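Alright, structures below, take your time with them.
Shared between the two complexes below is chain A, which has chain B as its partner in the first and chain C in the second.
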Partner chain A sequence: MGVLVQQLLNVAQLGAVYALIALGYSMVYGIIRLINFAHGDIFMLGGFLGLLIGVHLAWLPVYVMMPLAMVLTALAGVLVERVAYRRLRDANRMSVVITTLGVGIFLENLVRLAVGPETRQIRSGLPTGSVTWLQGHLGVYVTWDKVLIILVSLTLMAVLWLIVNRTLVGTAMRAVADAKDVVPLMGVNLNLIIAGTFAIGSALAAAGGIFYGQAYALDPYMGIDLGWKAFIAAVIGGIGSIEGAVLGSFLLAGVEVTTVAYLSSNLKNGIAFGLLILLLLVWPWGIMGKPAMRKV
Partner chain B sequence: MGRARFWMVCAAALAASLLLQLAVDGGVLPDLLNPYYLHLLTVIGMNIILVASLNLLNGYLGEFALGHAGFMAVGAYTAALLATKVLPPAADLPPVVGPFCVLVVTLGGAMAAAALVGWLVGLLTFKTVGDYLAIITLGFNMIIVNAIQNLDFVGGPRGFTGIPKNTTFFAVAVCAVLTLAILRNLIQSSFGRVWVSIRENAIAAELMGVAVNRAKNMAFTVAAAFAGLAGGLWAQNQQFITPRSFDYIKTTEILVMLYLGGMASLSGSILGVVAYTVLMEVLRNLLSAFAPQLAEWRMLISPLILILIMLTRRYGLMGNREWSWLRPGRSA
Partner chain C sequence: MKRVFLLLPFLLVLAGCKPKADEVKIGVSAPLTGDISALGQSTRNAITLVQEECAAGIPLGGKQVKVRFLVEDDENKPEATATVFQKLISQDRVVAIIGSQSSKCSNAGAPIAEAARIPQVTPWSTNPNVTRGRKFIFRACFIDPFQGRVVAQFAIGKLKARTAAVVYDVASDYNKGIAEVFRDEFTRLGGKLVGYETYNTKDTDFSAQLTKIKGANPEVLFLPNYFNEVPLQAQQARKLGLTATLLGGDGWDNPELVKLGGAVMDGAYFSNHYSPDADSPVAKEFIAKYTARFKAVPDAAAALTYDSARLVLRAIGAAGKADPRAIRDALAATSGFQGVTGAISFAGSGDPVKGAVIIRIEKGRFVFDSAVNP
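Then we have the complex of A and B:
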């Protein structure tokens, strides 16, 4: 029982980080049908911005440091969209994809040159020690930061859901996703909505990066690996769907944690991808995705 | 007209590469014709095979395949196994003929193994298109790399060492020219027209009686076979391979060269590989000559140049166009 709860919490923690990245992929894809391969590197950048703020502005409390890093990363995401992607908005998809790959390589090397290639860990600033209530009732040793990471991530996802489904901006986003060419005729500023999508996606990725840096470690090239994984999670859930991105992330984390716990950590990627491919062969559009219309 | 000129260019390229190989081996003009430049040309040749074969899938068939390095890995490990464990060392064989036979057997095995894997991947993925196909091919790339990491008799994660150096620049040049010739003729043939018709409108193609799944699978098999060829050449040129060198970072690099050159253009594939490789080397040399402390910044400048090219020439250098000598007799 205790082991099971422990593993479930591991799944929740890893899944929360994946979900924070996957949401950015899914939102951008849902709105402008662009797979932003640089998004994994935005996540890495967010983690390092958190690290730098933590090191140089150590007097800032943790609940100021994280929003600050999120705002800075959101600005970076908007800047990337403005400089590199906006002019390619109606180009063919392949040249946009290559641009996103280029932006990704650029960000990786920028961070590596600025911070150095070694792996770093973010000083968490969160209360340490275990949650005694859980230890008393379930007999599991759970650190506070793990619980906080899961709770804050879930809160952020709930806020995103509220923004998309309950506000005017969210309505505009969904409208753009539905009919990009018609919405500007209704007086909606398309550039503003797309920039907003990039900002929200990047801010969530920054939160994921900081959590990842606290729980595991940061290195300039981690964005490729985690970015691909989050992208896969988004596709599994049905890319373009917010609920799907979260579901896919927890599913991927579950498969990974199970493989590491009961088989071998060497087989982690292989088994995770094998199962996920099987899943996609059953649900070709992802679990929550809508089947693409076949136009005749 | 175009056909005769194509074969003339091919013959000239082969003659030039043979001369270059002999000149470097003989030590003529060591300043100008040195092994470093020859190594660069070898890498360019192998990358042309990779990029041109991926162009078949991404450019002509119009599918978004992302697992090319996986097929390359299958070819590289097959060739390495054949060369070290199965075949006798080339030194025990008669000169010239012996190494040639070794090369033919290893590369043939590499192509066959990769083609088989490509056929299987094609068989499993025909249900999906677009971004889902991308994810499945990427997944296969990761599964192949992960499987190799867990196979101890090929070195596992430590890599495969002690592969004999059976490849020369000339062998790579011959393979690259052969690849281009075969791909060019395939694309002009009825197969090529079927692939382009699927890219333009799969449903219309189906209504015209095209067996879409079979045609797609054929393209996957051919592209994988050539990726395997490049892998076999790579293994026997580097003499050391690790699973990590075939993961999605390699796929990304192949994609960068492909898109830089332009989709659905064999000339673009050649140009993209040459431009990218030369750009990286020139940047390395320039920076280390003028400011050694800035040599690291090369990695920052090259993606910027890539983004600039994409912003100013969004179809790549040669998208959908061909040099006249590579162009088919009638427009395809």
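Then we have the complex of A and C:
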């Protein structure tokens, strides 16, 4: 019983991190049909900005460090969109995909040059130790940082849902997603909405990066693997759908942990990627996605 | 025209047939840049010490001959190592090569040295395949099967452990090899293996594996992995309530281990080639010299590089001439050589018969615990 609950908590923690990245993929794709392969590296950048602010400028506590790092990463995301993607918005798909990959490699090398290739961790003064009540009753070790990661991630996701579904900006975002070419005619600033989407996605990724650096570790190349995984999660859930990205993330984390716990860790990545291929074959639009409508 | 190009290599060989008699060149292949560049620096430092020691030259064929070490950067990449070996052999005409450090790089260089019949001594490559079936390849360190046995015997004998679990990187020969030997030896000695879990290089989340192990609550947890991953594994184990004593191999030997792990690494043990507080006269002198010259404590790679270079110099002296084949024969005949990392003898193979030490981590410092001889 204790082991099962512990594994569920592992799933929750990993799934929360995946979800924070997957949302960025999903939102950007939903609005401008662009798969931003540099998004995993934005996540990495967010983690390192958190490290820079929280450790190297150590006087900032976590509740200041995290919002600050999120804002800085949001700016970086907007900058990337402005410099590298905006001109290519109507270019052919191949150029855009290659540009996003290029931006990713650029960010990896930039960070490696700045901080070196060593593995780092964020120790930002979050409460350490575990929740003793659970330990006493179930033999389950729940550390406070784990609790915080899960709670804050879920809160951020709820806030995002409210922004998209209950505010004017959100309405504009959904309108752009529906008909990109018509919306500007209604007086909506298309560039602003797209920049806003990049900003929100990057800020969430930064939160994910900081949590990841806290629970696991940071290195300049971590965005590649995790970016792929989160992308898979977004596709499984139905890329373009917010609920789908979250669902897909927890599902993928569940599959990974279950594979390791009951089969073998050798199969972990094979099963994760196999799942994606299988899903694309039988259900190309994902669990919460909508089949693309074609005009006849 | 084409024929001329075909002839070119042979012409170059002919041109190189007359080496300068007053200088002996020894090549060094080291990871001066790349992911383990810290190790490349200790390699260079150790070579600098040897170079300074023989500044006056060595007696050879009745006269003093100068020795020159040529240190080349192999970036810890197999393909770059192959290029370095080819350059050292065909262009610089070295009589022997020291290096490389990691097993994957030594494995890339060894076939080239073997084919050219140039003796190679690798300081730090512990993978058994590096020397297997080759006549010109030697190493200054013990091999992984020995290391795996040493740790298993330590767990049973000294720690009185009855149960053990292993978590290792299944994508790397080094980690996989030691894990398998440990598993077999621990079970043979009557211990019970209650967990045997894997992960892949670059993974950072080990909680699913460790949770599974937590259910079995082993007395020792063997982590035969590299210094940049072990601290994460240790921290995650502690966060899940695992109290097992942590054990490891020579892949732990780097200051990064305690920098990243901090107090979590205290009380852990790992097997190593030597300890910085070793008390043999040769080791004491080397450590004092190195520390004074470079303001840093020498790691195992530095000590092994120093031993390798001195092994080669001694072989040249014993051969009485700077001829690669004669040097190879002299190396193979090495017996009872007193190195910083212990006595080295080559008994019919390129692998020395030598002991290991167990190091304990105490308040972030590596402290000598015990010595193990084969």
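Here is the rule we use: the second predicted complex is superposed on the first by the 282 of 296 C-alpha atoms of A that agree within 3 Å, B and C clash if a C-alpha of one lies under 4 Å from a C-alpha of the other, contacts with A are read in each partner's own complex, and residues count from 1 in each chain.
Keep in mind that, in the parts below, a contact is a pair of C-beta atoms (placed from the backbone, for glycine too) under 8 Å apart; a residue touches a chain by one contact, two chains touch by 3 or more.
These numbers were taken from a predicted model, which means no experiment stands behind them.
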Which superposed partner A:Ala179 touches (first chain B, second chain C, both, neither): neither
Which superposed partner A:Leu151 touches (first chain B, second chain C, both, neither): neither
First, second, both or neither for A:Leu57, with chain B first and chain C second: neither
Chain B versus chain C as contact partner of A:Ile277, first or second or both or neither: first
First (chain B), second (chain C), both or neither touched by A:Leu75: neither
Partner chain(s) touched by A:Thr143 [first = chain B, second = chain C, both, neither]: second
Chain B versus chain C as contact partner of A:Asn92, first or second or both or neither: first
Touched partner set for A:Asn269, first chain B, second chain C, both or neither: both
If touched residues of chain A are counted for chain B and for chain C, the larger one: B
Shared chain A contacts, counted only where both chain B and chain C touch the same residue: 264, 266, 268-269
Chain B partner contacts - residues on chain A that touch it in the complex: 29, 35, 84, 87-88, 91-92, 94-95, 97-99, 101-106, 109-110, 112-113, 224, 228, 231-232, 235, 239, 264, 266-270, 273-274, 276-277, 280-281, 284-286, 292, 294-296
Parts of chain B lying in touch with chain A, wherever the complex brings them together: 58, 124, 127-132, 134-136, 138-140, 142-143, 145-147, 149-150, 157, 203, 248-249, 252, 255-256, 259-260, 263, 296-297, 299-300, 302-304, 306-307, 310-311, 314-316
Residue numbers on chain A that touch chain C, as the complex places them: 2-3, 6-7, 10, 13-14, 117-121, 130, 135, 139, 141, 143, 146, 212, 215-217, 221-222, 225, 256-257, 260-261, 264-266, 268-269
In the complex with chain A, residue positions of chain C that touch it: 35, 170, 197-200, 202, 204-205, 207-209, 211-212, 214-215, 228-229, 232, 236, 239-241, 256, 260
